[in-house]
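Just so it is clear, A, B and C label the chains in written order, and each chain counts residues from 1 on its own.
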Amino acid sequence: MPDMARKTTTARKATVTALAWTVGFLIFFPVLWTFLTSFKTEGEAIAAPPSFLFFDWTVENYLTVNERSDYPRHFWNSVVIAVGSTLLGVLIAIPAAWSLAFVPGRRTRDVLMWMLSTKMMPAVGVLVPMYLIFRDTGLLDTKSGLVGVLTLVNLPIIVWMLYTYFKEIPAEILEAARMDGAGLRSEIIYVLAPMAVPGIASTILLNIILAWNEAFWTLNLAAAKAAPLTAFIASYSSPEGLFYAKLSAASTMAIAPILILGWFSQKQLVRGLTFGAVK
Amino acid sequence: MGRITLRNVSKRFGEVAVIPSINLEIGDGEFVVFVGPSGCGKSTLLRLIAGLEDVSGGVIEIDGVNATGLPPAKRGLAMVFQSYALYPHMSVRRNIAFPLKMAGMDPAEIARKVEAAAAVLNLTGYLDRRPGQLSGGQRQRVAIGRAIVREPKAFLFDEPLSNLDAALRVNMRLEISELHQALKTTMIYVTHDQVEAMTMADKIVVVNQGRIEQVGSPLDLYRAPANLFVAGFIGSPKMNLIGGPEAARHGAVTMGLRPEHIDLSTSAGTWRGTVGISEHLGSDTFLRVQVEGPGMITVRTGGDSGLRHGDAVFLTPQTGRMHRFDADGKAMA
Amino acid sequence: MATQHSRTAARLMISPAVILLFLWMIVPLAMTLYFSFLRYNLLMPGMEEWAGFSNYRYFLTDPAFFTALRNTLVLVLGVLMITVTGGILLALLLDQPMWGQGIVRILVIAPFFVMPTVSALVWTNMFMNPVNGLFAHAAKAMGLQPYDFLAQSPLLSITLIVAWQWLPFATLILLTALQSLDSEQMEAAAMDGAGPLSRFVYITVPHLTRSITVVILIQTIFLLSVFAEILVTTNGGPGTASTTLTYLVYVQSMLQFDVGGGAAGGIVAVILANVVAIFLMRMIGRNLDA
């Protein structure tokens, strides 16, 4: 195979590297720019020509954002809503995925497809009743209300992801556990769950990311005290005066945790978001 | 104890009757082998006994007690799977201990039993490894260890050796036989390898398309196959089955002759033929001989046979050893 | 693995998920359907009355509806075109041997993790703002007139922002697909005398087709409900220049408090989404191994 074995020339590799880094840098630039701006003063943030690295670095903006605008509370709301809805979803989804993966029946495929189809229902189609239900049950602007909605919104994805991971576990091992005298609970707790730890972990990770960034229900159902960062940041669109630097600081804090989680879960992300179609 | 009785047991998957109806008696302490071609329903039968599948009809009794509706955990049987089905996230020790833990046994007692089982199976040095760090044979032994610690009423094996290489397979075959000698517990063993069946079984159950063709000791089946299917399945190489006028001369529709029951001569005999392919196994040689009339016939001869392709030979069937079958394939008296 | 026991257990274990999702689908939807036949405004409580199909008549004959429909199509197709083309090119680039591939990957994937409100705000203010935005600075430095993106081409601007968010998704999936391409298959093709170009055409492209389908399907699901980006940047304006169907329904029900009209719009959106969904599910069904 002369073609395959041909050594890539260094020149070619260098060209590719330069090109890829340039493109990567351009795509990443808005994030980088936000990060840099968050350390500028408001004046420097809008200065023309803009300074890239050579400005007086300051953490002023972070302090202001944290002090003046209840930032920590909204951050905490995001954590509670994202983590809470994910864990609740996983708790409901593990038994469901077990059923689908290990006791397949004639309707298994239909159930899976139906679950997926609930994802395709446009949220606006049920916006009004959800708003009214929330208003009338006192769930409006509460964390528990949002946890509930986001659990339902992401449940199909969680079930699907867990299902694709469970499918890879040979049924014989669970049967062995059954022969060894394990009941259903023991079978799931001692055998299935530990074997599926990587899959469950990446499901949790991906769903925290999705829930953290969800911005339809959070914007419509929790405008004030229970508002997570998505909704809180949106309120930055209309303050008076100079705000780029503070916006950048708030944004940096809002996206940093998820950026870090996301970088760890790139591989699982593909699989989760394509419902196992691409691995 | 470990007496298992199947009465009119049947199994359907949807519309397909994989097992139409089976009656079988397995005595306490017996080593029973289910043998049959791929897809005939051996595994299904074993899984019905294990309780991993529901019967569609009939009754399964274990030690005289109706176990038909019991979940696998309650039947007191242990199973060794073809893929071993070891728990990959547990050490060998915890794998073997798992059934005892599920039974709620005291940890000190568990530790003692695990050590004892490991000693029997030569696994003592590997107790803290994970299954992934073991060879195929060792994994097999762990799976057996996990089965024996529970002291089950019976062991169920589903083609346990099919993932091992030939040499190891012979070894494990002996080990399992020895284990049976030592424990005297009922064993039901599924295989499609008739050599395993012949060498290990007290009793062979030949299964074909979900039906039992014949039940008997290895020698019974070898000497007196009840029908064409068993005749063709048991014995290696296969029995020569001859139809047409040759069989009619002996009053049968089909006539069966094992390769080892045909005398070979270069000078005279009943049939004249030409040597085709010869297979030298060292101790024996099997010749494929093209005979006018009966057709292609396999004959066993000594390892030092000098016969070659194209040589003319004469074959004489040993009359007393001939099997005769009627139009339905049933053996005739 | 299928005894009566395990089947009963399975039904029990799946029922919470199924019941919850069923309720989630059916209860609010039924309510929306009911509201859509009422004259019902939140500002005038207690005045609800049966309205027949008038809400639908108003919604469907409203010129804003057609604008919104067109805008939705433009947005979805625009983003799909940019991300799929860009994704293929980027994936092919990143699949080449290079130094620091892992880092480039991380840089490229980053926008996907930025929450929609943040990316919308950052782009509108710090890049597209005609006075202080980076693009304006650049234009002035070159002696050009700064372009007011959001006022002059609001829909295009939003399309670009959303495309920036979804380009990483397409890239990552196509790159994964490229890397999962069996190298033995490539080698076999090379043995059969296929040159680099025919290997690309006969092996790489068919292999990617499946993943491209998946990318289109999944992005469509998410793109049909783009909301925050519009809310934060243009509020659907100027006029209805950047109002999509989702946003139009939002405006009717949440800003004009017209529950009946909003509900009718919601039902229309659901029906349209279902038409797309049925079509998508056909394809998705073939591409997912359930």
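Keep this in mind: a residue touches a chain if its C-beta (ideal position, glycine included) is under 8 Å from a C-beta of that chain, and two chains touch if they have at least 3 such contacts.
Quick caveat, the model's predicted, so the values are computed rather than measured.
> Treating touching as the only link between chains, describe the layout with one word: line, ring, star, complete or other.
Basically all the chains touch each other, so complete.
> Please list the single chain whose C-alpha centre lies closest to the global protein C-alpha centre.
That would be A.
> Counting only Cα atoms for the centres, state how far subunit A is from subunit C in Å.
15
> How far is the middle of subunit A from the middle of subunit B, if each middle is the mean of its Cα atoms, in Å?
54
> Please compute the C-alpha centroid of subunit B, do the same for subunit C, then give the distance between them in whole Å.
Distance between chain centres, rounded to whole Å: 59 Å.
> Listing for subunit B: what residues touch at least two other chains?
Within subunit B, the residues that touch at least two other chains are 52, 71.
> Could you say which residues in subunit A touch two or more other chains, in rising order?
175
> Mind pulling the residue numbers of subunit C that touch at least two other chains?
Answer for subunit C, listing residues that touch two or more other chains: 1-2.
> Which bits of subunit C are touching subunit B when the two form their complex?
Listed in rising order, the residues of subunit C that touch subunit B are 1-5.
> Within the complex, which stretch of subunit B touches subunit C?
For subunit B paired with subunit C, touching residues are 51-54, 69, 71.
> Tell me, which parts of subunit A touch subunit B in their complex?
Those residues of subunit A that touch subunit B are 170, 172-173, 175-183, 186, 190-191, 194-195, 197.
> Enumerate the contact residues on subunit C facing subunit A in the complex.
Contacts found on subunit C: 1-2, 6-7, 9-11, 13-14, 16-18, 20-21, 24-25, 27-29, 31-32, 35, 90, 93-94, 96-101, 103-119, 121-127, 132, 134, 137, 140-141, 164, 167-169, 172-173, 176-177, 180, 186-187, 190-191, 195-196, 210-211, 214, 218, 221, 224-225, 227-228, 231-232, 245-246, 249-250, 253-254, 259, 262-263, 265-267, 269-270, 273-274, 276-277, 280-281, 284-285, 287-290.
> Show me the residue ranges of subunit A that touch subunit C in the complex, using the header's touch definition.
1, 3-4, 8, 13, 16-17, 19-21, 23-25, 27-28, 30-31, 33-34, 37, 46, 48-50, 92-93, 95-96, 98-100, 102-103, 105, 108-109, 111-113, 115-133, 152, 155-156, 159, 171, 174-175, 184, 209, 212-213, 215-216, 219-220, 229-231, 233-234, 236-237, 244, 247-248, 251, 254-255, 258-259, 261-263, 266-267, 269-270, 273-279
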